Amino acid sequence: MQRNSGAAAPAAASESSATTTTTTTPASSEYKDIVYTLDSGVATIRFNRPTRKNAFTVNTYREVERALKQAGADPAVRVAVLTGTGDMYSSGNDLSNFLNIPEGGPEQLARESAKLLEDYVASYIHFPKLLVAAVNGPALGVAVTVLGLADVVFATDRATFKTPFTALGQSPEGCSSYVFPQIMGPIKANAMLLLGQELSAAEAERVGFVSQVLPHEHFHDAVHRKALEFAKLPPQSMQISKRLIRERTLGVLDEVNRTECKVLSERWLSEECMNAIMAFMARKQK
Amino acid sequence: MQRNSGAAAPAAASESSATTTTTTTPASSEYKDIVYTLDSGVATIRFNRPTRKNAFTVNTYREVERALKQAGADPAVRVAVLTGTGDMYSSGNDLSNFLNIPEGGPEQLARESAKLLEDYVASYIHFPKLLVAAVNGPALGVAVTVLGLADVVFATDRATFKTPFTALGQSPEGCSSYVFPQIMGPIKANAMLLLGQELSAAEAERVGFVSQVLPHEHFHDAVHRKALEFAKLPPQSMQISKRLIRERTLGVLDEVNRTECKVLSERWLSEECMNAIMAFMARKQK
Amino acid sequence: MQRNSGAAAPAAASESSATTTTTTTPASSEYKDIVYTLDSGVATIRFNRPTRKNAFTVNTYREVERALKQAGADPAVRVAVLTGTGDMYSSGNDLSNFLNIPEGGPEQLARESAKLLEDYVASYIHFPKLLVAAVNGPALGVAVTVLGLADVVFATDRATFKTPFTALGQSPEGCSSYVFPQIMGPIKANAMLLLGQELSAAEAERVGFVSQVLPHEHFHDAVHRKALEFAKLPPQSMQISKRLIRERTLGVLDEVNRTECKVLSERWLSEECMNAIMAFMARKQK
């Protein structure tokens, strides 16, 4: 319980700042692939590569991870919102990440990619404040799995959720192998993680993966208004209650994250996976 | 498995008594805030402070705890039913409990309140027979959280469920921080425990928090008829099967209960919580 | 992670064989109570005692266990499908199993029955490939509980699911005391396991026990077509992802299986259980 008092301190300090900050503060100069804004206690992290379906390059992973750490540490922030620019939330991992083979060969690439992913997922696991996802359109792969680590998930009626790991010769990440069965039950989790079946927004709400489906029109405004309300709740209680709900599984999540990334790095080096990805890219280029 | 034979003994002894007791046995003389009745193996514990919305004073907690122990130990009892008098199930903790500051100051009050709550919740965790809740109207706070420890939950179509812990500067109790995510999934649990969103009876049934919604009219009769049926099932099998389902989590529940009460006692002494409760009481008095 | 490479080997070996085997291969000569067929990577295990409602005798348990091991080890098999002949999936344990008292008396019978059941359930827990159940009609008792260990469950609109353990003086098996609460939440699990309430196919889909309800007409064809699609997915990824999802609970499932069978063997020797089974058989013979 020592950690309680430790966490309460920054939250208490934020009380005054959060209520006085009322203008949007773009701090995007430090970011290239995302836009980071702050408004009255709500930090918004927007994936901003719309011409590439907001796919995650190596740099995108690092920027989102950094932005989450910034929001977590900034006493003026009480709620973080993740969303995407344009019609797509994010197509997940940019497969071009696999094309830049470093000097150390595929083994080095697999090792570094696994480390990148593990650190990225860890920044979700350990985010200390309310984490809201605003899924403004289709989401794929790693953009879907980490949603299971958010506290609140809003989705437009055009959002879809798909994790075609098996078809691409890969395996679940983002703690989904552990978290998805808990969220939606093992049968639905298998349909997504083993069989790659797509979930509609309505179905996602029904199985408890999405908090609420909102109309596509004015989606971002509606989410922002709700986030502003959440930011008014007593901040210490919010952080302490979130920790209480999660602290029993934090160690498990870290372990699952590590295992998933290790298994995935082995998958990336397998012939089965390489063939599946090459076949996928060939289909795309037609 | 040694505990099996031990538990089987009283259950076996109850076989004859349960089937012969057919009249209502009011034993309410020992209770002030509740009414305890016994009919054909069904013990009913009714919260009976309708002019105070069946809110729980220090004495109410103790009486319900004692009544659960009585029902658990009495070989004539096979099923216990919890319900409320009037239109409300219970508004939860009576905030006037916080107004009688003992000699030891707020610290002593917080310590004693946490102990009271921990013992109360423990009496739900360890109730050895079928525990049925009959939610006859709106339920709030601690009256909601311990429902997650019941085996069967009936609700009228007028019941609602709300746990506004964060808004009141507090934190989850009744093992809800652990049990709610398992019952309704983390997303719905967060909506209730972090954001204080109210659940309707229909929604509560849909997410698996309520076994069945029954019409408001004749609600108590309908539940009682069902409870009488449950009381006819082989009592040893019932107790042994309940234990089998729960025994893996009993230790966890005790630990979660302890942690929740400790965190809550710290919350009660925080400025944030005191301000939130005073603001709430001021709103009430207008 | 050592186990990964070990498991990948047979899967990799199966790649060629699975795609070349295109004809149905009846291998039923070794089986009496089931029919085992293989088609393009899909092994079908069909309970085949339609005149006895596909109830499980001692021999049926052993044959299904053996068939699962055969399918698990055969590199030509990628997916196993369990189903029943006729209008019923299976009525579960054949109560006539309790009528052949061995020389060692009821104690020996209880011990041997518990061992038989534990081994049978273990063959579900440890099946390494995609396990599909095709529930073609009503399912009872142990035929229901082990469905919680399948990866995909299809059901016709005529399927029903019932586990009347308490009424028969018995207790949950097939890991249902642990798995059912995780699949459908504790409230629905209690309704089935403690109160013996029947689940319809639609309700089973709603609570996450069934992946999809399909029309009764052409049910087997529809399931087979789906299974053939599943069998085309990269086999290493499928096995590795299934293991990733399950490996954290394998030890728990083995322990739960052991405990359940032990408790059940004690139940079988209790007067309460013997009376309940005799009363049930007497009702049946009327």
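Each chain carries a letter (A, B and C) given by its place in the written order, and its residues are counted from 1.
Quick note on the criterion: contacts are C-beta pairs under 8 Å (C-beta built on N, C-alpha and C of every residue); 3 or more make two chains touch, one makes a residue touch a chain.
By chain, UniProt protein names: A, B, C = 3-hydroxyacyl-CoA dehydrogenase.
Just so it is clear, the model here is predicted, and its values are computed rather than measured.
Student: List the interface residue numbers of subunit A and of subunit B, divide the shared ones by all numbers used, and answer same when the ratio is over half, different when under half.
Tutor: different
Student: Only C-alpha atoms count here: how many degrees separate subunit A from subunit C in terms of the superposing rotation, rounded to the nearest 5?
Tutor: An angle of 120 degrees brings one copy onto the other.
Student: So how far apart, in whole Å, are subunit A and subunit B when each is placed at the average of its C-alpha atoms?
Tutor: From the centre of subunit A to the centre of subunit B is 37 Å.
Student: Residue numbers in subunit A touching 2 or more other chains?
Tutor: Within subunit A, residues 182, 184, 207 contact more than one other chain.
Student: Enumerate the contact residues on subunit A facing subunit C in the complex.
Tutor: My answer: residues 165-172, 177-178, 181-182, 184-191, 193-196, 207, 252, 256, 259-260, 262-263, 266-267, 270, 272-273, 276.
Student: For subunit B, which residues count as touching subunit C in their complex?
Tutor: 1, 4-5, 8, 12, 15, 130, 151-153, 182-184, 207-211, 230, 233-238, 240-242, 244-245, 248
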